[in-house]
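Per-chain numbering from 1; labels A, B and C assigned in written order.
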Amino acid sequence: MSASTLHPPVLKHHFDNLHQQHASERLGMWMFLATEVMFFAGLFAAYTVYRMWYPDDFEFAGSLLLWKIAAINTFLLITSSLTMTLAIRCAQYGDRKGLIRNLLITAALGTAFMGFKTYEYLTDFEEKLLPTQAFYESHAAHDLETKVNPERARLGLEAISSERVRLFLCFYYVMTGIHSIHLVVGIGCVLWLAWEAWRGTIPPDNYSTVDVVSLYWHLVDAIWLFLMPLLYLAGAGMGH
Amino acid sequence: MSIAIREFRSAPPPPEPVTPQVNYLNNGYSLWSWLFTVDHKRIGILYLLSITVFFTLGGAAAGLVRINLVSPTGAILTEDQYNRMFTAHGVMMLFFFLIPAVPGVLGNFFVPMMIGAKDMAFPKLNLASWYVFMIGAGFAAYAVLVGGIDTGWTLYPPYSSRYSHTNVIPGVLGVFISGFSSIMTGLNILVTIHKMRCPGMTWGRLPLFIWSMYATSLIQLLATPVVAVTLVLLMVERLAGVGIFDPSIGGDPVLFQHMFWFYSHPAVYIMILPGMGVASEILTCFSRKNIFGYKAVAWSSMGIAVVGFLLWAHHMFVAGISYYSALMFSFLSMLVAVPSAIKVFNWTSTLYRGSITFQAPMLFSLAFVVLFTIGGLTGLFLATLGTDIHLHDTYFVVAHFHFVMVGGMVLAYMAGIHFWWPKMTGRMYSDWWSRIAASIIFVGFFLTFVPQFVLGYNGMPRRYPNYPQAFQVYNVLSTAGASILGLGYLLPAIYLPLSLFFGDKATANPWSATGLEWQTSSPPLVFNFETLPVVVCGPYEYAIGVDQLGRGLPEPPGPGGSGLGGHEGVTGPAGPMNKETHVVG
Amino acid sequence: MEAFPLIPERASELAVRFEWLFWYITAVTSIAGLGVYGAMAYFCVKYRRGSTTGSTPRILGSHRLELIWTITPLIIFLTFYVWGALVYDHAVHPPEDAEEIFIVGKQWMWKAQYRTGHRVIVGGNPANMNEKDRANIGKLVLPIGRPVKITITSEDVIHDFGVPAFRSKIDALPGRYVSTWYHPIKLGEYDIFCDQYCGTWHSLMVGKIKVVSQDEYDSFLQGTLSAQGTDNPVEGSPAQLGSQLFLKLQCIECHSANSAARAPVLEELYLSKVPLRGGGSTIADEGYIRQSIRQPRAKVVDGWNEIMPHYDMRQVNEEQLSQLVAYIRSLKKGKTPTRNENFPAPVGAPTQKSQAEETK
């Protein structure tokens, strides 16, 4: 069956029919998600190696992070995944206003995440929780020297090394930084979708772009759900 | 026990000749129409032009390296210049020639055509992949022009992150960016093969080139992101002065090696699998026979892709991995050699009772099988733990990988270019000169790299501009071979462009091949086919004499000449009335 | 060195094992490869277009053949694997009683330290070394027939200590200690190459291993046999430490090489015949030298005065005494040092000036 003369305007010329087009777009996005998983998997694997080698140091370092902000951010992202899915539903039903509304809320939640993240980074910089030499001037390094390590020595435990805390902080900044970059790109895509919806190019029979962007959005959310416990929760027991 | 299947059919007539006015080449001559094309064929040509430039640059770097090695104390370069030269050679050849060559050129051009599609699944993504590739190449070229980088293509820290005084960041950024091009191409090819096959083109009827492109794309998709993140971490370490590979804060430089080789080992299969696919296409066509063991060859491609992910630390046997780790990786490396062996045996058996002619594509393909076999067999020395200790990081390794990458992949690429040139350009090149070129390249290659096995066995290390006097004679032999090889490469650089102006016009199917790409005009139409193809049989039905659409085949080229060239409209022989099918054994 | 080196020296036990494995793999792969090429050549000739009708049989494959040429290579490769693993096992597991040498790689030289404290610069790029290091360039001296374990690390980037004649190499990693071992079986000198690219002078980070007899090795450890091109005793060796003491204790004041010296020069003294005051002579062995330091007036050399002070346990302990003896044993013709201002006299030590005052 070749392309009929009455082909729908949304059908791209190299495809034979809409079904093929949508199936290709979805498969393409799932494959792209596979590459993103592999990208982060490299980071997670490296982190895991060092966590196995330096469990106590990494636990202490994790306790230095602001887990409350991470909790708020988690809530924001999970909610944004909900609104993103609602956006698909609106697109399916042709509810243009609802679609735009949900997309804008999703983008807003993502932006709020970035706002809290920025605040968190600024606080970290102020407290000198950096992987560079600056760490030695921080309260945390001072505590390590005066309170934590003497206590550990008293209990017969090996001292926690500031160098390894710096190693943890390397991971913290790289992992959350790369995640944030992906999130910002996602916000951009969501805003672009809202624009397209406003222009009227997302009819109920061609909403696959919403589908495809939502897949990406959910992945960014899922990565956060792995990242957050590894970095923030593993040290929470030590109190901060 | 042999099963004989009698095919009672009368030979269908071969197709009517057709010369369309508008094809993909003359559909707009402006630069704009080329730089903003979404036609997969034009994008394939864009890739062809760019990788030819990078091959020339990488080859020039190699030439300088070999000339310098004529003297035990360095003939023309200082140590620093030499180090930058071999790094440039490696980076240019691996990332900007071998990885994109067949997927970017032949894959882009022929995957849609061989499965009967109008274009790739994502044409704009395809164009974007070329631009991303060129941007990456731009950064790498910048790095070379402002003084080069001297870390070796393998970029091991701490040298690359904290000790090298060269332009590591732009170079690494260039490689990082071009990796995205590789991912995009792989993704595009995978979705195209899954979703855009024409009616009748089942998985079991796919040409083996498509199977190998599928396997290659799988690796491109899944392995490249790991080196991407590794390079990001390296750049962060270099820029920030501290990082996760830094021993002074408890980091491990060997972790870089694990992450780097996790990609770079499968990467070598990205480089070779497409070449194997090309060889399958050509060996069948020029021996006029079905491939021996279609399923075995197809499964072998997939097997190499999958098992290839499990071998990376065989580059690290003396790098400080544990004894038990080493045992495991050596064992797995032995396993991956088996599918390659299966392919070689199947290719050889395809020749059995064939009717063989030796035009340039066939000469290149036969040379490919011979040289790839040596390359693969010498890999076994390196996979074997006891021998690898001595041979690691010597010229034995250099010779091994040049055998598989140059003797293997470059020759297969040449074979593919020579095979599909009439289809891509609508012209035939000089049969005589192309056969000469293939022969010179084969001889030159041999002379260049066989002495390097001896050098490596005697302990000459890699990346050494200064070496003991006793090794000089082998180095001189190798350089002599390299000059012959260079001459051999020069010939196609002359006769192929010349054919565009002076070559005979090619027919639709000058080699009388069965693939769908040959059932349309040379050069092809903008949307490839006049009408949607409907496939009725498998590839390689040369014995019966039908193409994949069920039509007859034209007269195949004779032993002395090239394809028909000017004999349009020749009707083929009346095909066999019935044909026994042998399933031997 | 031969004009056309074909096979490197087999200078260690590992090398011998390597060779058997290597040639086995070569033989098997050559047979397989030539078999394939033979078949290809035969088919290409017999079935070329000119000598066939142009019609070919429709052969699709053979399950039996596929099975055969899957299983057979697999088994052959597994023999390579098993044998290789056994050789590797031998190569990476040093025996308990191996002598230990510690090696540090840095851009662009190798530093070795023996258990006695000896330090040798085992090669590298002289242009990268300071004066002191350059004076200490030597060879890695190893005893024949005994296992030696080397523990290796790097000060900067990743290097690799490779010895082709031993068929061995190991990466030198910063921040980590790794070990390998050798069992030399042949006397001679063998190349060391750096086998992991490490920067500009990677190709000059080369050196030599010298395999010597057990006796020579012991002398080397003493410091009386040097492995360098110079005659200086090996740094860190007893003889070299003795040379420091010789200067520090101001022995050089009297035992100097100038014509106005107040004491005999000590070059080539060891095992020479020494005429004594009051008649007779003695052979200057270790015991004589020791006695000359502890109780110098017991045997005075003919033609010289009894002015040497004695050095008891507080001034020169037993270890220092053996170092001085080792130094004097190693002192070659023309090698008496000059006065060294870096070692001012300790308080109370006899000096030129005070002796002059004494005799006033």
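One rule holds for everything that comes next: a residue touches a chain if its C-beta (ideal position, glycine included) is under 8 Å from a C-beta of that chain, and two chains touch if they have at least 3 such contacts.
For clarity, every value in this text was computed on a predicted model and none was experimentally measured.
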- Message: What's the farthest chain from subunit A if centres are computed as the mean of the Cα atoms?
- Response: C
- Chains most often in contact, by C-beta pairs: B-C
- Where the CA atoms of subunit A average out and where those of subunit B average out, how many Å apart are those spots? 37
- Note on the structure: CA centroids of subunit B and subunit C: separation to the nearest Å works out as 47
- Task: Find the geometric centre of each of subunit A and subunit C from their Cα atoms only, then give the gap between the two centres in Å, rounded to an integer.
- Result: 55
- Mind pulling the residue numbers of subunit B that touch at least two other chains? 248, 252
- Would you give the residues of subunit A that are in contact with at least 2 other chains, written as numbers and ranges? none
- Item | Partner subunit B, residues of subunit C touching it in the complex | 1-8, 14, 17-18, 21-22, 25, 29, 32-33, 36-37, 39-40, 43-44, 47-50, 52-66, 69-70, 73-74, 77-78, 80-81, 83-89, 91-93, 107, 156-158, 160, 162, 164-165, 167-171, 173-176, 178, 191, 193-204
- Write out the stretch or stretches of subunit A touching subunit B in their complex. 1-2, 13-16, 20, 23-24, 27-28, 31-32, 34-36, 38-43, 45-46, 49-50, 53-54, 57, 131-132, 161, 163-164, 166-167, 170-171, 174, 178
- Message: Could you list, by residue number, the parts of subunit B that touch subunit C in their complex?
- Response: 7, 79-80, 83, 150-152, 154, 156, 158-159, 163-164, 247-248, 252-254, 287-290, 292-296, 317-320, 323, 326-327, 330-331, 334-335, 337-338, 341-342, 344-346, 348-349, 351-358, 366, 369-370, 373-374, 377-378, 380-381, 383-390, 392-394, 454, 457-459, 461-471, 473, 541-544, 556, 558-559, 573, 576, 579-585
- Where on subunit B is subunit A touching in the complex? 117-123, 125, 183, 187-188, 190-191, 194-196, 221-226, 228-230, 232-233, 236, 240-244, 246, 248-252, 255, 259, 262, 527, 531-532
